[in-house]
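Chains: A, B, C and D, in written order; residue numbering restarts at 1 for each.
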Amino acid sequence: MNIFGKNFKVITFGESHGKALGAIVDGCPAGIKLNKKDIQKELDRRKPGQSRVTTSRKESDCAEILSGVFEDKTLGTPICVIVKNQDAIPKDYKNLKDIFRPGHADQTWQEKFGHRDYRGGGRSSGRETIGRVIAGAIAKKILALKSKIKIIGHVFAVNEITAKKFQEKEIEKNIIRCADSQVAKEMIKAVEKANLNQDSLGGLVKIEIKSMLKSLGEPVFSKIEAELAKAILSIGAVRSFEIGAGLKAAKNLGSQQNKIKEGIAGGITTGDDITITLAVKPTPTIAQKQKTINASGKKVYFQAKGRHDPIILPRLVPVAEAMCALVLVDFLLSPTSKI
Amino acid sequence: MNIFGKNFKVITFGESHGKALGAIVDGCPAGIKLNKKDIQKELDRRKPGQSRVTTSRKESDCAEILSGVFEDKTLGTPICVIVKNQDAIPKDYKNLKDIFRPGHADQTWQEKFGHRDYRGGGRSSGRETIGRVIAGAIAKKILALKSKIKIIGHVFAVNEITAKKFQEKEIEKNIIRCADSQVAKEMIKAVEKANLNQDSLGGLVKIEIKSMLKSLGEPVFSKIEAELAKAILSIGAVRSFEIGAGLKAAKNLGSQQNKIKEGIAGGITTGDDITITLAVKPTPTIAQKQKTINASGKKVYFQAKGRHDPIILPRLVPVAEAMCALVLVDFLLSPTSKI
Amino acid sequence: MNIFGKNFKVITFGESHGKALGAIVDGCPAGIKLNKKDIQKELDRRKPGQSRVTTSRKESDCAEILSGVFEDKTLGTPICVIVKNQDAIPKDYKNLKDIFRPGHADQTWQEKFGHRDYRGGGRSSGRETIGRVIAGAIAKKILALKSKIKIIGHVFAVNEITAKKFQEKEIEKNIIRCADSQVAKEMIKAVEKANLNQDSLGGLVKIEIKSMLKSLGEPVFSKIEAELAKAILSIGAVRSFEIGAGLKAAKNLGSQQNKIKEGIAGGITTGDDITITLAVKPTPTIAQKQKTINASGKKVYFQAKGRHDPIILPRLVPVAEAMCALVLVDFLLSPTSKI
Amino acid sequence: MNIFGKNFKVITFGESHGKALGAIVDGCPAGIKLNKKDIQKELDRRKPGQSRVTTSRKESDCAEILSGVFEDKTLGTPICVIVKNQDAIPKDYKNLKDIFRPGHADQTWQEKFGHRDYRGGGRSSGRETIGRVIAGAIAKKILALKSKIKIIGHVFAVNEITAKKFQEKEIEKNIIRCADSQVAKEMIKAVEKANLNQDSLGGLVKIEIKSMLKSLGEPVFSKIEAELAKAILSIGAVRSFEIGAGLKAAKNLGSQQNKIKEGIAGGITTGDDITITLAVKPTPTIAQKQKTINASGKKVYFQAKGRHDPIILPRLVPVAEAMCALVLVDFLLSPTSKI
């Protein structure tokens, strides 16, 4: 349930408004240089309050390493990293006790688990991804040490607006994380407009994996695309996954398709670049009054108070990168790996 | 690598031209009625030589139960089912020893494993899916016993031609397995035309899951959509996966998206129907001469002899259904399941 | 490596002199009453400084719940519990940097991992068992809720001195945790004498499992005795495991053995009581000067300073109980369980 | 349940009187020389009818490789090997339908699974170990290729009679598999006498692991001794496990124990030899009339007909060796292994 991976095992934990969230990595090789900054850097990319297109919830999201690292090097023992919650105002959430917010997982969690932390969604909150980003930061250190692989996430489309260029250096320079600096401006405007309308937007994220290693992937069930798909679809709000030729594969002739470099063949990497595309739904929390039901099944109106993201994509980029990093490191450390 | 599932564990084995292929199921409850016919029925839906849009390789694909069933009931012990190969003509494949066929996994398997069964792709062949269908047939028996869930696969698009209607009863009546009997005819014509042109076609398959149970799925990593995505992407030739609103989620406003019944929320089933869409690439084996490389890295021409599928989608339908059945049964038998 | 169990998964983490140690439980059902006291009670049974037969290292070993519990009930999400280290005096340990202490795992850890936390053995320290006791306390809550199972650990022998009676109520009343109050006194004297001689003692621990449930155990590899053996042998210092008739089985005739109630048959519990016996080696840290080697392979003398346990058995009792509880709960929550 | 190992995964299947028994190995590296003889050699050491101290059931136990091997080399794909049953005389077993044989697992299997293959115990039969020996034979090939490790099993004691010498070459020369050729004769006489008395004997088996590799074992839960204990206790009829100083550790002083070379420290191999001792109970099937109960819970008498082992130890030796080989190969192929 909350464990990911076979060789580089990641366990994440923590509720949105509990004491702390975090991750444990079990299976990280010993002797890898690692300190708090390596992790903080990635947490800062996903933290709230970064810009005017993200929620204004104030959380510094400070990483604290509890175990597994000694004298700034990994020990080969479980690395536990936590982030304590600060800006959790419980009273804000009392009104959520008996209501199932539209587009959220309140109802399914209530039905499955019976007992639920209703404050901000508990563990069904996007805040859960803190643990993923922590583990992903460690995975990225290993990738950097053992390969030249680069994992570059960017927002490719916001609603109908689509990037035309891929300028890698621009991505982290604009608050929407789009690789096309011109289109980024339009995207931001669209988000601001939606926000003004008390609404939210979705879009497409792309992950480019460059300088890929050959021979990663373990058919028939742990094909590289199968594990990446699982990793990506395990992120809340994601509704599709494309790899290689993606949806276009359906319309190619065999003679065309055979000529495309997809980066994968038979579930194993070829060494060519891989591109993954994922559709992200718009944030469910919006300021407008919406119909929903309460815990007794009665129809009621619900209006979200306070702070929320009018679009989640820029903050989802580091999460999707982290998940890809986890999959790649897991294969890298696999007994069948050649590295 | 070749093991799928946690509670209902499936191991598949066998090479395209080896002695036998098959599957073991470990974790099937005891006392479930099961005989050879239950399995044969599903194998017949995927076997070659069914129609003029499938390969003419002749394999009766007869299921033989070696263990785990006694007096037509499961024992709770591993169920091993095999299918012996018959129509394997080794001499046909000698010419493949030193060539990497375009669009196939010959090269990546050679590079990863060093030693490779070059006859028909060995285990990278689509023939590997026999084991999946065997296990899926057993999973379907359990679903039928413990729920009303129906898993209905159908070919939704062939190249540019798309079904307009969903007539469940028509699916198994036409050789393309399309739920729109009129459009099916066009699809078949398109396939025949492509075949005549020594080419092949891809398309879209849809899996409709009806009368779904609530509360399946185990966040945060084993969300229902994450496990389904892995299951589907582990099938060779699949290049995309959509669930819920799918790609359309990217273009919805939050206020719209919140009103859609997607069948999933927070990684857990709501009880509503689920639809999965997958893009399938055209079959790589085509009759026309194609450029490729040989084992020494030299550019050569390759022309496939004999028998091949001009489209793989109708035969992939039972495989995709099987994979969905495996995921659902695995959740059904999970400690957190309420069934 | 640091994950135990399949259904009730436990991950332990933390080094002897790091910031904190602890455990995560993934797979604990939701809605179970749980608070800090439930855990503290068990931690107090294993903590140092309890009596004159345990080390005088002062650690209050306070449990802090970081996640998975809300309003004193489990959420079905990962339960993370930590214990912060207090009495870690780093300077005490500088002298251990380049020495391999006799009877400890310093050398094998150095050789396997290369980089090692030499302070008090890092994670090879017995302090690692804090995580096991935390998880075991949660497991015991579930057992109490879902069964009448009682797990009673006691010190059966210290060196040559063996208990003659089983008085359950006496166990926690004497500092050696022996079920025979008279023999307990002799045992304590023997330990004090060994300590005076700058030496240490080993002995036998027994775990009695009473009011056992039927049908636990999953042949052929996850037999109840196989999982218990793994659990017990994973505790440092344990050198043997007996179950059922134990060693005596070797000398019974078939006609005798067939009449014994062993509590297990074919790897499955019968419902009868189970007794496990384990041999525990004497604590390796003793005050006398001993020959050993240093990190350069040179022979040197080593004399341990300060605080250490002259016998580890009384503190190992709650750890062994915890491991048994983990195994039983794992089977209880298994898909094949009837509870 | 029927899957063993993490990196070198073994699945065994098959009932005593079903069509076939066997094993699949998933995770065997590609390119390893392997043929039927490698496996047959080990099967012949465990097969029935070898000598006058084993059952006279006639089974040639011929290995048939169905997948995973091509041109006498492993492919890196699942290796499926089966043994078909021949001498299964169903009528012999009709009388067992409603009776629970003393000392067997008939009753616990009936209670756990409800539906049971009563013919010769189905999968609770010792015949289940065929799959273990198949997989062990493959594991031994890998050990031979990647290390100099030798695994030598022998019968150390039969009832009260104990070997005095270790003459490795004698083991396979006497039918009891004792390393002391003189004592072997006494053991055989004792077995014959027990058989004449319509009774059976147990004893001790030892496994010597020589030329051991350093650094195998993965603390804290997958310590080498923990995994070996699980492996050994998963064999039916085993009631104890000792490693290192074993039971003697309980009576050593710390100053003595610290000087012993146990082959393990902190759950990791030191490179020194390892000895494992296991107690094996006498065979439950004996010719004399015994009290037992039937399926309705009524007390009845039971007298076994025909063929049975008066002692199981000589046939258990290759099984115990196989299980040790599985554990060692699993660690050898682990991501943390240095080989």
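The working rule: a contact is a pair of C-beta atoms (placed from the backbone, for glycine too) under 8 Å apart; a residue touches a chain by one contact, two chains touch by 3 or more.
Bear in mind that the values here come from a model prediction, so they are computed numbers and not experimental data.
The most distant chain from chain B is C, comparing centres defined as mean Cα coordinates.
In terms of C-beta pairs in contact, C-D outnumbers the other of C-D and B-D. Rounded to whole angstrom, the centroid-to-centroid distance between chain B and chain D, based on C-alpha atoms, equals 38 Å. Here the spacing of chain C and chain D, counted between their Cα centres, is 28 Å. In chain C, the residues touching two or more other chains are 1-3, 12, 27, 76, 112, 123, 336. The residues of chain D lying in touch with chain B in their complex are 1-3, 9, 11-15, 18-22, 24, 26-27, 30-31, 64-68, 70-71, 73-80, 82, 112-117, 122-123. By the touch criterion given at the top, residues 6-7, 27, 29, 76, 333-337 of chain B touch chain C in their complex. Partner chain B is touched in their complex by these residues of chain A: 1-4, 12, 102-105, 107-109, 111-112, 123-124, 128, 157, 159-160, 194, 199-204, 214-215, 217-223, 225-234, 236, 238-255, 257-259, 262, 264-270, 279-286, 288, 290, 336, 338.
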